[in-house]
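Here the chain labels run A, B, C and D in written order, and each chain numbers its own residues starting at 1.
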Amino acid sequence: MSEDSFLLTVDGLSVSFFTEEGVARAVQDVSFSIKNGKTFALVGESGCGKSVTALSIMRLIAEPQGKIVSGKIVFDEKNLLELKEKQMRNIRGNKVAMIFQEPMTSLNPVYTVGNQIVEAIRLHQKKPMEQAWADTVEMLHKVGIPDPDRRVSEYPHQMSGGMRQRVMIAMAVSCQPKLLIADEPTTALDVTIQAQILDLLDKLQEQNGMSILLITHDLGVVAERADDVAVMYASRIVEVAESKVLFEGPLHPYTQGLLRSLPRLGISAKRLQTIAGTVPDPLHFPTGCKFHPRCPIGNSDKRCQSIEPRLRQVCDGRCVACWYAPGYETEQEKKNTN
Amino acid sequence: MNGRSTLATFFLFIFLLIMIVLQVLSMVQADRLYERLNHLLDTLASSRTVIVNQGNQAKTGAKNLPGQEYPGDEGDWLVWCLDAEPENLNPVTSTSLYARYVISSTIFESLLEYDPDKLILRPLLAESYKISDDGLEISFRLRDDVHFSDGHPITADDIIFTYRTIVNPKVDAANLANYFKDINDVIKISNHEVKFIMNRVYFKFLEIIGGMEILPEHIYKFTDPMEFNKKRSNPVGSGPYIFEKWDVGRQVVLKRNDNYWGKKPKIRQIIYRIITNLTATVQALRAGDIDYMRPMPDQFSELSRDNQFTDKFRCLSYWHPAVGYFYIGWNQQRPFFKDARVRLAMTHLVDREAIRTYILKNPDVNIPTGPFYVYGRQADPAIKPWPFDPNKAVQLLNEAGWTDHDGDGIRDKDGVKFSFRYMIGSGLYLHEQIAKMVKDQAAKVGIEVSLDPYEWSVFVERLHSRDFDAVNLSWGGGGIQEDPYQIWHSSQIGNRGSNYVGFNNPQADAIIEEARRTLDENKRNELYHQFHRIIHEEQPYTFVYSRPEQRFLDKRFENVKIHKLGINELEWYVPKDKQKYK
Amino acid sequence: MSTKSQVRESWGTSYGQMVWREFFKSRLNTACMIFIIFLFAAAVLAPFLANDKPFVIRIGGQLHFPLFGDLQPNDYCVFLAAIVGFCQLLLVLRNHRRVEPSIRGRVFWRQVSINTVIMVTGIILIFIFVPRRLDATDYKSMVASGKATSAYFAPVPYGYARTDLKSREQPPGREHWLGTDDVGSDVLCRLIHGSRISLSVGFVAVGLSTVIGIIIGAILGYFGGKVDFLGMRVVEIMMAIPTFFLIITIVAFFPRSLFNIMIVIGITSWTEDARFIRAEFFRLRNQDFVQAAVSLGLPLRSILFRHMLPNGIAPVLVNATFGIAGAIFIEAALSFLGFGVAPPMPSWGQMLSLGVSTTGRFLWWLTLFPGMAIFFTVLTYNLVGEALRDAIDPRLRKAA
Amino acid sequence: MIPTLLGITIMVFAISRIAPGDPVSLSMGPGGQLDAARAADVRKARMALYGLDKPIPVQYAKWLGRVVRLDFGDSLKHHRPVIDIIKERLPITLTLNLIAFVLIYVIALPVGVLAAVKHKKLFDRFSSVILFMLWSLPSMWVGQMMIGYLCGPTFENWFPPAGLSSNYADQLAFFPWLWDRLWHLVLPVLCLTYSGFAYLAKQVRAGMLDNLRADYVRTARAKGLSNAAVVFHHAFRNSVIPVITIMATLLPAMLGGSVIIESIFSVPGMGLLAFEAVTTRDYNVVMAVATIGGVLNLIGLLLGDIAYAIADPRISFEGSEL
């Protein structure tokens, strides 16, 4: 596949938060790229740095505590991190839009949904008011809100969670962005709605051919919606692959753990396995491979405890960060270490 | 957070520093000020710009007051500051001093008035008066040229109307009516002659009736007394001034009565400004907003030493019979003060000299020895005040049997600790200061005093229910012919009488009663001298001080004379060139 | 030892400790705390700091200790209170080390109740057995006249009730460090003794209002329904009355005393707490675990109170801290307007009111120093209150 | 609302009547002239005159009966209809407070917002310390200091120490008059303003901080709105809501505070009236002040609720119970 077909390329992104307790390295050396018109899923337990990655693409990391320490974020040939705030604003909501996790709080309670969408449209497309209103209503219709021309002038608190999330989506796609970042768009909703929302996203993706960066902890969703997957664990990406490949043969023990903990049809599961232990606190990560305390291999292995494996390409389109992943090391290196 | 805290503390210190600097600066400046004050004090000690008359000698008056022969110029206003508002301007129902300032002898006139220097009654509205030999009848003959400001002539009917109004039980004038209670009737002899008939001889009747301010019947007449009680403003009388307007809370304006029957005053308008805040008053005076005010004692003592001030203003300090006295009353119903010796001891404990020199800061202040006007004929000048003498006090207390038996430092007698409650009106600085001082002094000889400040209304209530051990208060002077009956006669101890310290001395009672019947002034004064002596021995009160009337007056006013009766604002005038208001 | 420490580890950090730690992160707060302690020290030790009786004096050969002999019952009460309070503090600290968290609350309450009992009985006993004394002798003059020797006076050798007309209204100088007031008593001395009034008013009044508030709030919250409705009307009334006016009315109409002021302030400022506690109760009622517990047949009362106390108390405490500042301010204001304690009892507000003499002369030292005293006290309590609020508010903790 | 008022009046009425001392003994004073034999009767007569001889409940009923007809009776001190006195005094206090009020909001809002936007920057830290100090400054002290330093004979003499207008202000032309009035208002208003302003600014700052952290602000940013737009259009709009409700609590507080301020600067307003009335047992005035004060408070609360309901779509008018 050719480089130019990538819409967004994140390269060596590291983000740190400087708090009283100390420096929390929320994202370290994260790299991935999203193809045009495809869905890229970023998977991981909560607190592993998914959302931070997303926010740093939008350059919405809360200053002054949060800082993007290093890395590049290239979005159609522009490095977002080098843009002026003004230019960046042009991209936000216009070329790159974002949907947030909590539809309940993500809408401003004191303005009608209509207002909030119109705001975005007028900002980026400089349309006259009436035009903008028309678009808005149409948008709401598109995202499947019943009689939009009434709903448009309602306040968020008068709507259900699902409705609000649709409104959020409407707002996000109102300017036909090239990339839509969906940060756990469905976690706060109940299952039936989840499906609808995701379908809606797919539909919109087909309609205006945008790419989606889908951030979730729900492998099920990933399995059915995503084209490529990156698994994040404790501030690092531990494995990247096309989704079906990944689901067939996960390489990283963490990914394996995740998959095992996922109910599968067909296979008569004895009982769902879980990964022992918890996600480490970003303030004090363990030395070496951050997963080693929870890892069946790592918790005994010296190397895992001392040296942290970098993300490496093992075969085309597949990267992993584990000493014991097949093909992670050449025979040569194995010798050196032993 | 740390960052903030350090910074915050830093600013805190900055603020502190500023405070301190400010404080130092002010300290320096204030001290400079004091030096200057002291300097002035020394220089002016010799040449006091204060005009003082030792009431009893009339030598003053003319002294350093130029141009008194000169008839004076018409015009200009007198802006007179009142530190409280008169509750109403009706001469019958009003009780406050401030109403008096505004209406008496400006708007209203009486049959007789006191000659300001001879201090004897002389006719005003009346042409003449006659007292029958048995002293039970007084008849007045009105001048026939006198008329009210609206032109109506004053007739006997007006006098009778006034009298009947005062004694009408439904009219809210109890205090006033009280004086008339032994007058049986008034008879109209002719249109210009009336006769009052009393049912007993009482030397004050002439003064009372003569001093009655005559109301115009055609204006004040009423069917329902309540409607009279409601007549509070728009007074109409026969006086040299007529009522202009009353902006409540701000001012009362009188303008000259141009068809006044008598000698017209020079000042065209008198404006009574109501300024309750004392500091503000002085400010206003300095700013020239007011011309005439009644300062607090320490204001007077301070400003009368200030050259810049005395250049612009007259500091008048003068005696007149109505100056009262300040006293500490010892409740003789209480175990502590039953014994005259104890009361005397208390008097010995009050350092009245110190109060005079340090608190009042006025050497003219007099330490009275009895209830009478210190320079009046009723008082016995031979009696000298008891000195401040703690040792004497201790000795007296021991004699009286108040010694510290149980060794707790507090004197006691048959089981009663000598620790009493000292009632003072709250918010009265002077009273508080004196009370504090007494407490401290008493403590030094082993007497425990606890001060009870009370709101004035509660204060009065407790006074009447005799619910106090000792009390601070001052009586206004009873005038030239004072009758001690109300305050000192044992019959007044009971229900809400004014003898609330329960002074009960048969001899004194006898004297008081006799004096009331005595019409000959000299005889009467003899009796009063005896009475004075008794009071001095008994010390039912500790008489703390009696101080001269004090006024500040703008220098532009001329012909400011000081009579034995005080000053008479109506004599003043302002020379053409100095006149301020058109 | 190690086992113990491990045990404590297993206890983890209690809410209180967390707040404590959070609170003392800021140096400003520490400073405030120190200032408050200093104030307390001044208040408690007032008779030793400012007194016209010497600690020790030799008269005719033998030693006397007039200052100690002159201590009044109320002084002893203050000392007792101070000691008990201090012990309570130590106990609390000890609890955190020794007592297992789950029962800490109960232990704490038991200690508090015991201490209060001790205090009350102590005070009663003191008033019964310690006689009021009045030491008439003037030691200064004795020393001056050489009758007495080797006298050691307090740093501020004046009594707050001593009057000395000769030196009235003196600006600060060597004699009187902060000058003298209208009857020549030493301002510094009166300031020191005045701190007692301010603090006691602050604490008693607020204690009262808090207790009333909690009780009423608890009753309303616990019974709900009609009781709640009526109660809330009362609360509304209390809130709608112009409080300061009400206070003035009451204080002006009834005899002048410290207790009246405390009580009045107390009974006029409980609404906040009441409403808060009530709300807290209602919140708890609807929480699942409470419902569950009730359905299990546990008495609602115990649950509510057990869970109300930890969560509900903290904000009430914050409220109280501000309340103290408020009460001190109100007391000062009242005394300033002339409704304060009876003279010569020193009160900052009353001293302040002397600052502008009747002549309009401005006695800056009578304005500046008491004013600063009031200001810094109020400021400190406000700061502490703010800090506490931040400390107990986890959201802010996260955000900061 | 009505029951609340009743409650207030009953309470104040009770307090003022239970208390010792009454206007009659006040007007009669310590005596001196009155003969003991008559004093008692006179007193009785006066009591009857003022209608104080009836049992308290009856008095209250009578009073209530009159008040519903907006007749507060006569002042026992000034001997005038209370309502007239109030008519003179209330506007003064209201102007004083309203000016202060406007100032408070005008200053506090920008300061608070700025502090929040510059969170943890110099301005924020500086201002928050200053605000805190202002907040805890005892107003009587400030007033006293101002009088002492700025309008005393001792130091500067820049401002008038008392009153609302210099004498003969009524003879001035309009603008000089206005100037004079303003000149007199400066210090009192200052005293009334600073603490409320500090308090409010703190609130605004806190509110802004919360809202700037809120999700919808993040959404707004994600929309690509400029910082200013985010702050003012989104965060500010939300943090204004609680500020409005503070208005309800601020107004009564200021009315209470004006007692102090007015008695320091001897401004003839409601506060001073209340003060005098209380000290002189002028029952009718006391009651009137209490009632009107209560009404004002309730109005304040009501306004607060209404404003809230307007500002916040989540609250509907039925929600605001009073």
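Please note the rule applied: contacts are C-beta pairs under 8 Å (C-beta built on N, C-alpha and C of every residue); 3 or more make two chains touch, one makes a residue touch a chain.
Keep in mind it's a predicted model, so treat the numbers as computed, not measured.
Enquirer: Compare the CA centroid of chain C with every other chain's and tell me the farthest one.
Expert: That would be chain A.
Enquirer: Can you identify the chain nearest the overall CA centroid, using each chain's own CA centroid?
Expert: Going by the distance between chain centres and the overall C-alpha centre, it is D.
Enquirer: Any idea how many Å lie between the Cα centroids of chain C and chain D?
Expert: Their C-alpha centroids are separated by 28 Å.
Enquirer: Based only on mean CA positions, could you tell me how far chain A sits from chain D in angstrom?
Expert: From the centre of chain A to the centre of chain D is 55 Å.
Enquirer: Please report how many Å separate the Cα centroid of chain B from that of chain C, as a whole number.
Expert: 45
Enquirer: Just curious, how far off is chain B from chain A if you go by their C-alpha centres, in Å?
Expert: About 91 Å, centre to centre.
Enquirer: When you check chain A against every other chain, which residues touch at least two of them?
Expert: 20
Enquirer: Among the residues of chain B, which are close enough to touch at least two other chains?
Expert: 1-2, 4, 8, 12, 26, 30, 279-280, 282-283, 427, 454-455, 458
Enquirer: Going through chain C residue by residue, note those that touch at least 2 other chains and give them in order.
Expert: In chain C, residues 25, 252-253, 356, 360-361, 364, 368, 400 touch at least two other chains, as defined above.
Enquirer: Could you list each pair of chains that touch, in label order?
Expert: Here the touching pairs of chains are A-D, B-C, B-D, C-D.
Enquirer: Give every residue of chain D touching chain A within the complex, in rising order.
Expert: Counting only chain D, the residues touching chain A are 120, 214-216, 218-226, 233-234, 237-238, 241, 311-314.
Enquirer: Give the list of chain C residues in touch with chain D in this complex.
Expert: 233-234, 236-237, 239-246, 248-250, 252-254, 325, 329, 332-333, 336-337, 349, 352-353, 355-356, 360-362, 364, 367-368, 370-371, 374-375, 378-379, 382-383, 386, 399
Enquirer: What residues on chain D touch chain C, complex-wise?
Expert: Touch residues, chain D against chain C: 3-5, 7-8, 11-12, 15-16, 18-21, 132-133, 135-141, 144-145, 147-149, 152-155, 161, 209, 213, 252, 255-257, 259-260, 263, 274-275, 278-279, 286, 289-290, 293-294, 297-298, 301.
Enquirer: Going by the contact rule set out above, which residues of chain B touch chain C in the complex?
Expert: Per the stated touch rule, the residues are 1-2, 4-6, 8-9, 12, 19, 23, 26-27, 30-31, 34, 278-280, 282-283, 296, 298-299, 302-303, 351, 354-355, 357-359, 408-410, 426-427, 429, 432-433, 435-437, 439-440, 443-446, 448, 450-455, 458.
Enquirer: Going by the contact rule at the top, pick out the chain C residues touching chain B in the complex.
Expert: Going by the criterion above, the answer is residues 25-29, 31, 131-136, 138, 161-163, 165-166, 168, 171-172, 182-183, 185, 252-253, 255-256, 338-339, 342-344, 354, 356-361, 364-365, 368, 372, 400.
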